[in-house]
Amino acid sequence: MLTREAPITVTIVEGALGALGAPPRRPDDPGCGAWVVFEGVVREDEGGKAVEALDYTAYQPMAEDQLMLIARDVMRDHGLSYLMVEHSRGVVPVGGCSFRLSIASGHRKEALAAMDEFIDRMKRDVPIWKQPVWRM
Amino acid sequence: MLTREAPITVTIVEGALGALGAPPRRPDDPGCGAWVVFEGVVREDEGGKAVEALDYTAYQPMAEDQLMLIARDVMRDHGLSYLMVEHSRGVVPVGGCSFRLSIASGHRKEALAAMDEFIDRMKRDVPIWKQPVWRM
Amino acid sequence: MRVEVKLFGAEAHAVGADSVVVDLDALATCGDLRDAMRAVAPALASSLGWARFAVNGRYADDSTPIGEGDELALIGLVSGG
Amino acid sequence: MRVEVKLFGAEAHAVGADSVVVDLDALATCGDLRDAMRAVAPALASSLGWARFAVNGRYADDSTPIGEGDELALIGLVSGG
C-alpha cells in the first residue's frame, strides 16, 4: 500500500502477480495528476520458440536492495510522489504478470520518463534471471 | 472491452471515469508482453489557485473522431495490439480521473512511446476544453 | 450565405456566446470566413491569427471551401486530458 | 582463505553448479578473485571478462577487498522484468 509515510514499496512475490490480490490502487493524493501502471506479461514465445512459462530466480536480498536503490534514484531525479514495484520469483505461466511498476506524480511527463528509466536500470542491475519452460 | 475484433475503443463519458465501472482489464492475448494504463487525475490546484473540480466541454462527435484518428495513427506507427481511450465530459471533482489511456503491445518501449505521443497529440488536436470550478 | 460558427473555451468566453453568425459570399473559403469574423467579432482578433477552423468535424485550412449547411467551428487552444 | 562464489543464470549453467569454491590469499581483492576463478572454472572465461562481482549484496569493482565470511556472487547478464 502506498501512503505518504511509505512512498516507495518493493515486493518480490512467489508466482504471478495479482493471482491473489488486486493491483495497487491510485494513491488518494490531490497533488498527483498522473498515475501510470506498467505490467510485464509472460509472452507465448521467446525467440520464436513456444514457451509454457518463465521461471524466475532472484538473488535475495540483493534483488530487493537494488530495486529499492533504483526506486529512490528515480523518485528523486523525476520528483515522483509514489512508486510501487512488484516482481515475481518462481514460475509464471504465459499470460501471467511477472512485473508491475506503478508510479504517481504531479504530471505525466516525469511519470512516463521515470517508468522507462526504472525498467532500463532494472534490466541491467537487478539480479533476477529468467529461464524459459519450453512447451512440449 | 478490448478484443481481437475491436482493438481500438474510444469513449467519452459523463463525469469521472471509473465512478461506475472497473478500469479496463488487460487483454487475454499471449502475444502481448506489455500493458500500460495511464490515468490523468484532477489536481487540487491550477496555477496556484485551489480547484474544486474541472468542467470539461467536448465538441462531439469531432472529439471522438479525433481521438479515433490519433488512436489509429499511433497504433500503426508503434505496432500496438490494443488501445483504449476514455475521456470525461462534464464535472470531474478533484481526485477524480478524467482521462485514461490503456495500451497493450508486444514490448514495453513501443507502449510507452505510443502513450507519450498519443497524449501530446490529444492535447493539441482533440476539441475538449476544461474550465476550473474554483474553490470558494 | 449566412453561416453560424461554433465557439468554445477562450473564444466563447471572449465573445460571451457559443457561436457567431457571419455573412459570406457563395464560394467562400475558410480564409474568407476568417476575414469576415475579424470584422464581426473584434474580440476574436488575436485568436483568428492562429486558431483552426473545423468544417463538418474535421480540421480545415484556409483554402477549404464552405458550403451551405456545413457545420463550422473555430478551434482555439484545446485543454483535454 | 577459501571462499564460495554464487553463480546464477548463464554462469551457473556453464559450470553446472550454483557456486564455485576458490582459494585466495588474505588481502585479496575482487580482481584477484576474477583471476583465481579463471584458473578454477575455465567455462566462465568469457563471462569473467565483463561480469560484475557482488560483495555482501552490493556491486563491487576489482579493487574491492574481500574479507573472511563475505558473501560473494558473480553477476552476469540479468534478465528480470
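Here the chain labels run A, B, C and D in written order, and each chain numbers its own residues starting at 1.
In this text, a residue touches a chain if its C-beta (ideal position, glycine included) is under 8 Å from a C-beta of that chain, and two chains touch if they have at least 3 such contacts.
Computed from a predicted structure; not experimentally measured.
**Student:** Out of curiosity, which chains are bumping into both chain B and chain D?
**Tutor:** A
**Student:** Any idea how many Å lie between the Cα centroids of chain A and chain D?
**Tutor:** Distance between chain centres: 27 Å.
**Student:** Starting from the mean Cα coordinates of chain C and chain D, work out the distance between those two points in Å.
**Tutor:** Distance between chain centres, rounded to whole Å: 71 Å.
**Student:** Using the average of all C-alpha atoms in each chain as its centre, how far is it in Å between chain A and chain B?
**Tutor:** Between these chains, centre-to-centre, one finds 22 Å.
**Student:** Between chain A and chain C, tell me the centre distance in angstrom, where each centre is the average of that chain's C-alpha atoms.
**Tutor:** 48
**Student:** Among the residues of chain C, which are close enough to touch at least two other chains?
**Tutor:** 81
**Student:** Mind pulling the chain B residues that touch 2 or more other chains?
**Tutor:** If we look for residues of chain B contacting two or more partner chains, we find 40, 119.
**Student:** Under the stated touch criterion, can you name all the chain pairs that qualify?
**Tutor:** A-B, A-D, B-C
**Student:** What residues on chain B touch chain C, complex-wise?
**Tutor:** Residue list for chain B touching chain C: 40, 56-59, 61-63, 65, 87, 98-99, 119, 122-131.
**Student:** In the complex formed with chain A, which residues of chain B make contact?
**Tutor:** That would be residues 26, 28, 30-44, 94-95, 97, 106, 108-109, 111-112, 115-116, 119 of chain B.
**Student:** Report the residues of chain D in contact with chain A in the complex, numbered from low to high.
**Tutor:** 6, 8-9, 54, 57-59, 73, 75, 78-81
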